[in-house]
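Common to both upcoming complexes is chain A, partnered first by chain B, then by chain C.
So, the complex of A and B:
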């Protein structure tokens, strides 16, 4: 349930007006890619704070591990070797939820209160309300949410909303040994980023800049990039992310209708649950979403 | 480290070679990032691989593993031939002006005095010309062809940029670019800090790799400066501590060279260990050796150590020969050792040539494992498929496992790379039947003592009379041990200038090693740690991080040895007149009556500059050594030698002298020379290293680390992969002349083929960490592949450069 220290700005599939009384500072996490050494301390801290343990996998011929985000890996480092003008760079980006100001997941979510945006900017999933439909996956321009095979619920980085609520920095920030992950008010983070960009420009990175994409209203996880003109170099960070037009359509016009339909689905699921158990329903939905994802990736 | 972790933030240039701190020391590496962010410092990396440190560097240059001396010799030549040295510093604070013995010479890779059969040198000419006054002769003009400066210049003139490129495979322009960065710190107010770790030590020329940097830092005037110095980055939270305590046979605690069979009595032992000053007015601090040694004997044997019995000198064991790790495992392999206590050590995984180690362990009657984990070594006898292919029926060794608590389950100290001793508090109870290491050793000792008391023995006194005054004899506390290490006055310590004045009362903790005596009135377990627990209490537990200078000199945080000094040789941060070379980074200055500043002076506090007491007080010269006399096994100037397994047929610097191909003074055991492979069968240079995700061979037992890096892999360049038809993710077999391992191929742009001596040389990078015990996917032990040869001085194994072949598994 909502944490008392955090005011809610918006709630999925809910029209209740947001709170207005308290003043909340908009926060942000800034990932300075130019100071990141790819040590994965953030991955470990995330697992430990949130009590999640992914599977012990295999080496796939790269440093990345786990290979992708999952319901039990809310952040992963992505390593890319780039050679331009005879200069080799090993670009290492911490991937995870960007906490968009205009969150596609929340817009797409049909389950009341399953996705919350706090007034500080954090976008949080409240799994107790999640119906596992996977619309948030479709709605996300960064391909972040993952549906758990264990409980058919969507999971992702919470920006440690529980820590932030008591004035603590997220676990990854706390663990980062080089200060590559900074945390504070969005304003302060932008100032800090400006200094880093200036330093990078002095070191010959003419196109250094801040990644705070306006297509999603800006984000509460931002990057300092050496090549801000080519975010795609960093393991496919989208240059101009925006919410899928389908979601916009869904939100504006079709959603009220579909919510009714979904209620029907939910009812159907209940019968299904009674007769066959929960997993198969979610698997069907999952497969559908995976197909969608693959098509989108093409 | 001559300086300390936080001080890296004061550097103008962070030069990383022989280490990969972003990977292996990520927390300390933050200070390199701070230097970049706040001082606009540059970070330059030279390494066989474009590694995690290189990923945040301003400049990276590749190098063939095992050719560091050629590279650094080239840097020395560059600095000298382009006149990029700090002249005043070199002249005043190094032995540049010292004249060298007329008999000393160097010819085609070999210094004077070589004995090929013994693989060692007669070093009698590796010394200074001595004057009638008993001091070394000098030529202050540095023009005499026999002065260290001129001889060094001649020695390194052969290390041209072309030669560097030929030997190292580093493109000439990349080498020159690195030289430019380094040379920029020759200015009096600019500093470079050098960070290295096992990438320099784990070679058959390891000590000389580091000597090269010592020469470079002297030429640049960077020793003693904030943001300067040489940082030996230690691989374990407390490996500095274990080195300081000298928990190995060659040294006694505090780096006191242990007595050998040749040291027949205390007087001759002390005479050979106590140097005489080589220049007038110098502190020659090791002249205090008798005080340190006598106090150690008093700490160990108390009242039983008396002037009459030479302070129990005869109780000390005398070394009869080599006692390093390689020599011990060689003796074990030869069946000369019956029992082995293995405490916090996993030799099956961490000693070269796993097969030889395993065969040695199989010849023991008993093996005792004292460790928190069920190590690979503890199951050396147990078949684990092809990962540990052994036949238990043929192994009779009895193995005991004594589980210990982990570091977080005991209190005590860690000494970090920066020599800062920090108390740590117990955080959790140890599980099950595990006991603290001290409790296990105490139990063992007291039972042995009881047996000696009851049954007698050949020479029982050293055991029966050993000091053991702990409140709970079976459980000595860390507090008691640290107090004992610090030392105390046994009887009143008197002022030598005024014997009526008592400096330390009998029974009190000593304030520092300045109060140690050689008359039996003081006891001290480790002279360099003296001061950590004075009468005022445990200074290692201090946690005041206030930093008045802003330089990170937090003198009230923990306690740094010696005497809480944070930057060694800090007198050299000021010019001969006592004025700081860089006023913005003042470490020390002469106030007119005393040395003062932001550190504990590494100088007699009232030594006025005109007295010309030089900053390198631990050297009898008073100055730092460009020419290292007879201190190292293979020569006073570092010379490039090939690794014992080299991709080249000869040493390109001495193509016609096979004696000078590899380190002429390195020890090679019978059978090991034959086990070296040649480039014909094993064409690729292999190097082993660590990954951020793991810690040695421990964390493979921890699930969360296993998730982050679950399986053994090997890195190869794209060109080699293409030649061999290997793609990323393939399983490949890596063979050396000693065995094979299998691992997943990581194919990368970060390792490039190098053009070495007209030959294309590929590098194969092999992380350690994996094995058959743990939460990671079961795998092979990397040290199956590595050669059984070490550095000629300290026998650190050559893990970083050897030969392999690869194929698809």
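So, the complex of A and C:
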């Protein structure tokens, strides 16, 4: 997506504030897992709208196809069969970027402007600035970004930032036949989710709830889960995702400090030189050797 | 032309060439690595043909340096064994830094400080090679926890190594008559007698 410079909240590898003046409302996509029938219309709509055609793969004997996210599959349905209390459940989760409020990808990215967070909450990769280092993959707590084998750029769901910018809902939302994917302001989506959760509880899902993990500051893609106490059941959705402490250490205060320390070593050396003077070979020793040479010559 | 045929040979041509391969690749690695280290250094990518080229080239430069360093390590390892005299030298290093070398114990080819530098660089280099391979996504795809650890180690060991090399280079500039050892391989006898008397005796039999 091209730059929409007025609506940028955060920009990768940029130490000064981005445009802060305009305030747009925060948006969110809500995926109601309990209403999803696994038809993959959203997967198809995604590749249609974004003009991406992944390779036709092989059947692996399961419904998952393709088996994983890729540079050309920005969303995939993950199917899990779970047996609990002698009941078989078929859990289907639409996987893709969560559009974290505190995005690990953006924090890790070393290329200025390769990752943008808009003020509406969308986290977008700007491939024209991407250098292909893969730090975003290292930083993401949800294992989402993929580096293309063709151009070595990072790709992932853009939440159809181009559509949202002109007040259109994302393509997947439009395509879903059951209304399992909803889109609107984050506040409205939370209200909608609350109703869905209430309904699920009435139907016996005591642990139904909203997945909006606070460890990453909340997300702009949220799930309604029938088993919100065990997100892990849904193809390993992390229960308490947060930016890894190693990534926080790697990208935190240590680097500015290290930079200062290196500047200190350089300046320290310079001032050592001008205060103590160079360490010359002493005249005494030079004379000594000259004397020895003369004696030997005799 | 040899200025003084009695100058002492400190490095062979192949040792010097080896050191320059390591030195040049290190400078290129430090500049290209710093570009990813912090946004303040990102403009350094312009030295390498842009950000993408910097990302592509850095690890290959690393391979060149790694090979050069390992060869150099085995050439000089036996000369860098710590002795009691080295420990004494290190305990008095503050006087040396202050510019007064009169009380420093007699040193062989390398002094205690140089030996510490040798081992500190060797450990840093080992960490850089291992962690660099771990985070090299063009060729390797390792579990994310290992990559995260690798990223921290690579950045930390890189900063330490750059600091060490600054000290290494400054020491060569500060001690006059040293840098020529890396240009043409010889030093004056007076230089050797003052800074490495043990080695001076060994070389001259005096």
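Brief remarks on what is shown
As a working rule, the second predicted complex is superposed on the first by the 246 of 298 C-alpha atoms of A that agree within 3 Å, B and C clash if a C-alpha of one lies under 4 Å from a C-alpha of the other, contacts with A are read in each partner's own complex, and residues count from 1 in each chain.
The rule is simple: a contact is a pair of C-beta atoms (placed from the backbone, for glycine too) under 8 Å apart; a residue touches a chain by one contact, two chains touch by 3 or more.
Here the structure is a predicted model, which is why all the values come from computation and not from measurement.
Of the two partner chains, neither chain B nor chain C is touched by A:219. By the document's definition of touching, of the two partners only chain C reaches A:143; chain B does not. Of the two partner chains placed by superposition, only chain C is touched by A:112; chain B is not.
Using the contact criterion defined above for the overlaid structures, shared-chain residue A:40 touches chain B, although it does not reach chain C.
Looking at the shared chain after the overlay, A:131 reaches chain C, while chain B stays out of its contact range. Within the superposed three-chain model, A:10 lies out of touch with both chain B and chain C [touch as defined at top].
When the two complexes are superposed on chain A, none of the residues of chain A touches both chain B and chain C. By the touch rule above, chain A contacts chain B in their complex via residues 34-41, 43-44, 47-48, 53-63, 65-66, 81, 83, 88-92, 177-180, 196, 199, 202-203.
Within the complex formed with chain A, the residues of chain C that make contact are 6, 35-40, 42, 45, 51-52, 54-55, 97-99, 101, 135, 137-138, 144-145, 147-149, 151-152, 155-156, 159, 162-163, 166-167, 170, 173-177, 188-191, 193-194, 206. Residue ranges on chain A touching chain C, taken from their complex, read 13-15, 110-112, 129, 131-135, 137-138, 143, 147, 152, 244, 246-247, 249-250, 254-256, 258-259, 261-262, 265-266, 269, 272-273, 276-282, 285-286, 288-289, 292-293. Taken in their complex, chain B has these residues touching chain A: 22-23, 26-27, 29-30, 33-34, 36-37, 40, 50, 52-56, 58, 60, 692-693, 703-713, 727-730, 744-750, 775-777.
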